[in-house]
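In the part that follows, the structures are each spelled out as structure tokens.
The two complexes that follow have chain A in common; it is paired with chain B in the first and with chain C in the second.
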Partner chain A sequence: MEYSIGGLRDMFLGNVRRLEDILSYANISDDIAEIDASRLVHKEINDLMQYCALQGVRKIVLRGVCGQRYLGTRLYFPNPRPRLEIEIHGHPGNDLGAFLDGHRIVVHGNAQDGVGNTMDGGEILVHGRAGDVVAMSMRGGRILIRDDVGYRTAIHMKEYKDKVPVLVVGGTAQDFFGEYMAGGRVVLLGLNLGNKPHRARYIGTGMHGGIMFIRGKVEKWQLGKEVGIVDMEREDWKLLEKHVGDFCEIFGFKRDEVLGGDFLKLKPMTKRPYGKVYAY
Partner chain B sequence: MSMRRMRRETLPDKEHQACGLFGVMNRKGERFGGRMAIDALMNMRVRGNGLGAGFAAYGIYPEHKDYYALHIMFQDWDLDAKREVDKFLGANFDVVCDEEMPTNPEASVINPPLVWRYFMAPDKKGDEKRLSDDDYVVKKVMHINTRIKNAYVFSSGKNMGVFKGVGFPEEIAEYFMLEKEYRGYIWVAHSRFPTNTPGWWGGAHPFCILDWTVVHNGEISSYGTNKRYLEMYGYYCTLLTDTEVMAYAVDLLMRRQRLPIEIVAKIFAPPMWDHVDIMDEKRKKLYMTLRMVYAPLLINGPWTIIVAHHGEMFGITDRIRLRPITAGEKGDLLFVSSEEAAIRAVCPNLDRVFTPMGGEPVVGRLKGVEKELRKKAEEGV
Partner chain C sequence: MVELVRGEEMFSHMLPEFIVERREDRCIRCRVCERQCAFEVHKYDKELDMVFSDEKKCVGCQRCAVLCPTDALVIRPHPGEYRRNANWTRERIQDLKKQAETGGVILTGSGNDKPYRIYWDHIVLNASQVTNPSIDPLREPMELRTFLGRKPDALELRFNGGDYEDVEVATELYPNVMIETPMVFSAMSYGAISYQAFKSLAMAASEYGTLFNTGEGGLPKELRKYGKNAIVQCASGRFGVDPEYLNCAAVVEIKIGQGAKPGIGGHLPGEKVTLPISVTRMIPEGTDALSPAPQHDIYSIEDLSMLIYALKEATNYETPVSVKIAAVHNVAAIASGMVRAGADIIAIDGLRGGTGAAPKIIRDNVGIPIELALAAVDRRLREEGIRNKCSILVAGGFRCSADVVKAIALGADAVYIGTPALVAMGCTLCQKCYTGKCNWGICTQDPYLSRRLNPEIASKRLVNLLRGWSLEIKEMLGGMGINAVESLRGNREHLRGVGLEDWELEVLGIKGAGE
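Coming up: the complex of A and B.
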């Protein structure tokens, strides 16, 4: 169907085929489905995944993905709530797992910008690197990225009561790491740096909630004005042991070596850093 | 301008997405067709909107490599403009060859203008003999753009050319037959439409002066300051959109003032003052000098650009990276793109993928002695 806005073709919805016309791209056997995504646009893939889930499929393997956005979004099933395992081969596009509702996505390759945008729950594993604004506005679940991430990671990540999102990055990050963070736990491991320092600047600028842990060298000038370095507590080590432990197991790193490094714990100094700047 | 009003009536409203940029260079100077650039932009279809696309290719006219190749667009097939341009070029250049741009009439594009190409050498007279050939050509291009109604110069370098218009990348490529007609060692491409402008053929990216081309994703909020500064050096912006200033700025800084990209990067995207404060004295002095001398060429706002000229291609973002960039390498090929998937779509097995820090350029240069290889590439090896 041609969608158009003011006479313009719609880049996202234009020429999207109906579900019955694309069923042949999914190969379902028992509770596993394999989808050839190489000739599908993002809406078609998500439509097919939704269809598969409603057919009782619990594991979906996507092959030939190359740049399709929003994979895994719109998989919302209130009752019952099946948890899908989605395996992605190829190169998923921006906003992978946006609004993700409790499913597990495993990417065998690199991801792009906006991984886990406003993700609600579940898990995203990336066996590779990711781009900018990873875990933007994330509000639950866990993201593990094996290699580096780009700018503004965990920007405005948030938490509420016992719903606390977790992000672990194995490599290093670029500027504005944890910008405007309002909650959650973010761990940066720097495993590929050797003895070199992290290069990220403006770490935690505008941060007003949550906790960051950084392993490796960071100078004070690289930190934003709103964060302070505080001592590690027992609870912190427990958190690191769990999530960094899982990270090492999944991606094949030596747990004791990783956890044996120096960790810097960063917390915001105030909950309202700009309270005096803005009147309202 | 009546021209602008008319366009607003005939074209649909623009929709805001994000531009798609792509550049590929063979650092050995080996030439190849336009397929990779076309496929990469097709992969980033959602970044475009069908209101603009364009390509720049280097090394495409080996048979005329010593002549300036001008691609000139005549809006609304204005033949009076064409006669005026012909007369003007005849009086100022030795035109060795000129012809209508080969196009495919079957391609689905909206209102294509007449596009003509001229191969020519400067024929300087009187005072103008003091100008270098390049400066002379810039002056004459500015004359056509500002004084001859309905004529706009798409590109004006040697052994290179810009092909652009209103449509999707694959439509523009089909119209100009880029896949079969041309082989270049650098291809730079753009999809979507010029910022803050109704889509029109002259306003599509890339922007070009001499052999410098720029494609841009973002919005240059310092456009007014940059434009006024460039006017002092004889560059006049006529294409109704912000990116044009970048093409003239790189020509001024890199060709005329011979600054390397590593320095130009620090003029366009200077480090923050609080980082200058903690530098050692030598670097502090350098960066403060650059800020004092070139303040009006600081490019503010969100931007990622890919710039190319003979022998070199580079990609760079604004200093806090408000627009994306990814670079990839495979053997002699260097890729720069808005998205990694677009690179993977045309070259799945890359040796390396990386993203530079904001304001730090990714640079591809011809290997070995640049000059020698450049000659070789122009000969079509």
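Coming up: the complex of A and C.
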């Protein structure tokens, strides 16, 4: 179907082919499907992934991915709730795993902006770097990024009781790291910095929930005015051992070396950073 | 932050806003007023067997006056005045004193109460006389049913067989939502309003066949059965946005802005984040629920497009996506961009739109009237040939069914009603929503107060309101000789301006009365 808006081609839906015309791009054997994504637009890939999942496929391998958005977003199946494993080769586009409903995505390549945007559960692993607003408003599950991330990472991440999202970044981050954080656990490892300090400014500005752990050098002026440095507790080390341990295993780092570094624990100083701004 | 010197260390210079008059001959000391007032105005003195009133605390919500069994109470604006001054009004002086005592941003609730020109009151409607018969809606069919969503550029029909009996639409249609009357309830979040008020809106929308809007506070699990009557919001705080929330809804709305506070975010104060609120919003109890001013994944029309299609992906392209903005300068160009970005519905909230809490300075000074914004947007989209690509929902200060009819004639598909719905439930526009002490049980999370609102009864009041307005709309349509609200949409020939300047008529796209 031709979609156009006021004579302009619809960037998203223009020339999208019907499912029956693209089935040949998927190769299903048992519960594994392999999809050649190199000639598919994002809606076609998600159409195919949805189709595969409904056919009983539990593992999908996407090859030749190059900039297609929203991979994994359409996989909401309320009942039953199959959990898929999605392997991506190439470079997925923005909003990878947005609103993700409990599936596991492994990316062999770099990711762009909005990885795990408002993700509800599941896991995203990126064997490479990621762009801005990684884990924005994330609600549950885990994201592990091997290298660096961009601006405003983990902005407005949330948590409730036992649903606590976790983000581990192996490299460093840009400004506004953990901005507005309302919950969750964020770990920044700085493994590619050597002896150089992190450069991000306004770390945790507006933060009012959750905890951040930063390995490596950070000066006080780099922190937002709403966060404070507190002492590490036993619980914290247990959390780091689990998630950083997994991180090292998956991406091939030396666990003891990584965990042996200096960790800075940052917490918001108040749950109500702006309570005093208003006249009642 | 500089530590502020708080008011409690000073003697307050504020005048009371209301005077409480108790007719002693009627008062039976039943203490209803004392129990009803969360602001603690009334106090019974056992020894003296008298009820005293602390007028400085009175907000004029009239709860005590309405519930007093002997009508012993009269609450009216305080007659105490400063020297008359057209520039330095009582409100200006009081605000100055309040800020001198607190050093804070003055908060308020409800919609803009300043005397900006209300264009609805300068637009009159047409009726049929001689040349065109009017229609009696009591005896003839009258269609108010409205479909919200993107419409195709053209309809291709397929005739099977030669008898024209078996016809089907060959064009692939976009998802649309049917509502029985061109009115839906405005976005009011669970958190801003009480569970009871929220549920009342859901029940009323479901019963009447229209929609309510969850605002950005999520939809509690047990209310998801009302999902097919819900517009669910995905706003900058992304509170309560999970895959089920998106998929249970009739419409998903991206909230960019709000008429009462364009350009700024929202702060639900920690004291309103009680346990049930924290479950729905997914933040710890007592934490401020902060909605950032921008959506941090949207800094441009292209980015908006990205979120629109993310939501379409998340809902399997089965749900129309709405984008709500505040009416501001260049609203027509912005709306055009929104439609091109893929919005199926564009919602515009005007200068007089309500709020649960907003800085007063923003509420009273930012944005443009909805009448002008609507006319500008409708014209721009028609000129660009993309008006069919979206439905237009307008919000912000609709007071009666005539306002709705005039809005539809100016190009709206349907109208958001917020304040009328609140008033139907009991609200008296005291503007103290932000205190969380609403005596009417609407804008509060205190269970003692919110219990006062019975959803069975409140939803009945809301349904009555929709029914009354719908009947009036049918009367007005019939008078114009129109039998379907579709035929009124953008039909400016049925409007005339009274007392408007040329430029205003030009923007509204209507003629002056007498022409």
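Definition applied: the second predicted complex is superposed on the first by the 272 of 280 C-alpha atoms of A that agree within 3 Å, B and C clash if a C-alpha of one lies under 4 Å from a C-alpha of the other, contacts with A are read in each partner's own complex, and residues count from 1 in each chain.
Everything below uses one rule, namely that a residue touches a chain if its C-beta (ideal position, glycine included) is under 8 Å from a C-beta of that chain, and two chains touch if they have at least 3 such contacts.
Bear in mind the structure is a predicted one, so any value in this text is a computation, not a measurement.
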item	value
Contacts of A:K163 with chain B and chain C, given as first, second, both or neither	second
Which superposed partner A:N94 touches (first chain B, second chain C, both, neither)	both
Touching partner for A:C66 - first (chain B), second (chain C), both, neither	first
Partner chain(s) touched by A:H208 [first = chain B, second = chain C, both, neither]	second
Touching partner for A:E44 - first (chain B), second (chain C), both, neither	neither
First (chain B), second (chain C), both or neither touched by A:E123	neither
Contacts of A:N110 with chain B and chain C, given as first, second, both or neither	first
Which superposed partner A:F12 touches (first chain B, second chain C, both, neither)	both
Residues on chain A lying within both footprints (that of chain B and that of chain C)	5-8, 10-12, 69, 94, 113
Partner chain A, residues of chain B touching it in the complex	12-15, 17, 43-51, 274-275, 278, 320-321, 324, 326, 339-342, 344-345, 353, 355, 357-358
Touch list for chain A against partner chain C, complex	1, 5-8, 10-12, 42-43, 46, 50, 69-70, 73-74, 76, 78, 94-95, 98-99, 101, 113-114, 117-118, 120, 133, 136-137, 139, 152, 155-156, 158-160, 163, 179-180, 182-183, 206, 208-209, 225, 271-280
Touching residues (chain side chain A, partner chain B) in the complex	5-12, 66-67, 69, 90-94, 110, 112-113, 129, 131-132, 148, 150-151, 174-176, 199, 201, 221
Chain A contact footprint on chain C (complex, rising order)	1, 4, 98-99, 101-107, 172, 234, 236-239, 241-244, 246-247, 267, 269-270, 278-279, 281-284, 286-290, 292, 296-297, 305-306, 309-310, 313-314, 316, 339-340, 342, 359, 384-386, 389, 434-435
